[in-house]
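The chains carry the letters A, B, C, D, E and F, assigned in the order they are written, with residues numbered from 1 in each.
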Amino acid sequence: MPFVHVHMWEGRTVEQKRALTKAITDAMVEHAGANPDALHVAISEYPRENWARAGVLGIDRKDV
Amino acid sequence: MPFVHVHMWEGRTVEQKRALTKAITDAMVEHAGANPDALHVAISEYPRENWARAGVLGIDRKDV
Amino acid sequence: MPFVHVHMWEGRTVEQKRALTKAITDAMVEHAGANPDALHVAISEYPRENWARAGVLGIDRKDV
Amino acid sequence: MPFVHVHMWEGRTVEQKRALTKAITDAMVEHAGANPDALHVAISEYPRENWARAGVLGIDRKDV
Amino acid sequence: MPFVHVHMWEGRTVEQKRALTKAITDAMVEHAGANPDALHVAISEYPRENWARAGVLGIDRKDV
Amino acid sequence: MPFVHVHMWEGRTVEQKRALTKAITDAMVEHAGANPDALHVAISEYPRENWARAGVLGIDRKDV
């Protein structure tokens, strides 16, 4: 541990995921005193039809 | 917040997801006093080989 | 299955949780064709210091 | 309930998933007194670009 | 990784948790080829008012 | 969305949580193009008897 689970839209590039997981790991080490060797970051990606805000699916919104 | 995460079989139509996330949002607003603008509902879909009940995978069951 | 996981602030009453889980269950049965006997709804409650929106903790916000 | 959620790399065979969910179910019944009929085990699979340890993605590691 | 997340009622003893996490770990190593050093098992415990099956809270059921 | 869920030991101070959720939010905006207003970060804290690595509970380990 710790385990950080990112839930977001699908579509980020590998390079974005590489930078993102590195930055989250750095934040966990700096601010939460995490041991990097035991720190895992996982990303779950969702199609826009599988996420709603205010009861409206992503495919039906303009702003998310 | 809040965040409501639905885990279910794959295969629902977009129209079902639209109605489902709307109904869950309404339930959260009515019964939990949620602010819709901050309320997200996400759906994770699983193939039947990735879910077991009573130790038996969905592909090996008749009733789930 | 399915499994619906609600993440929200702490502080709702038992009566609210009773009505909320019932309404979510009804939504799952009506819109997703779920079998109620296999349908579980769990609630995780968070103190306001354990949730941030836009990078600001709940204890530091007025609107969440 | 209970609900056991396994997060792992993609790529296990159906036979491995069948044995794994059975063994986890047995562990829950034996050690936690779970009722099998109410016990669900779900598997989420991740591509190697969606999981980092120590800030390094699976596609960039040799040992995970 | 992997990460196994157990969601269950509160109330198990430390000894039960010790045996349970050990058994789940063994199952992951044997059936999923997991590397134990990278394998984490976490337990989230729920009061009976925070979990419903078939739309009925645990505090209102006899059988869960 | 997105939703970032941090699972870690209990015991961080409010100031640590404030800095951590801010840093994770910044990482999501910079590297994943997230809209801050729709970005939530939640923290779940675990006692050391509720988390095992390599099949050994936190209360039985020296290094986690």
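A few points about this structure:
What we mean here is this: a residue touches a chain if its C-beta (ideal position, glycine included) is under 8 Å from a C-beta of that chain, and two chains touch if they have at least 3 such contacts.
Keep in mind the model is a prediction, meaning the values are calculated, not measured.
Any chain that touches chain A and also touches chain F is listed here: B, E. Listed here as common contacts of chain B and chain C: D, F.
When chain centres are set by their Cα atoms, the one at the greatest distance from chain A is E. Chain D has its Cα centroid 24 Å from the Cα centroid of chain C. Taking the mean of the C-alpha atoms as each chain's centre, chain D and chain E sit 12 Å apart. One inter-chain figure worth recording: chain B and chain D are separated by 20 Å, centre to centre, where each centre is the mean of the chain's CA atoms. Each of the following residues of chain C touches two or more other chains: 1, 3, 7, 26, 38, 40, 42, 44, 46, 51, 53.
Contact between chains, as defined at the top, is found for A-B, A-D, A-E, A-F, B-C, B-D, B-F, C-D, C-E, C-F, D-E, E-F. By the touch criterion stated above, chain C contacts chain D in their complex at residues 1, 3, 38, 40, 42.
By the touch rule above, chain B contacts chain A in their complex via residues 5, 14, 17-18, 21-22, 25-26, 36-37, 39-45.
Across the complex, chain D is touched by residues 1-9, 12, 16, 19-20, 23-24, 26-28, 30-35, 38, 46, 51, 53, 58, 63-64 of chain E. Remark: chain D residues 7, 44, 46, 49-57, 59-60 touch chain A in the complex.
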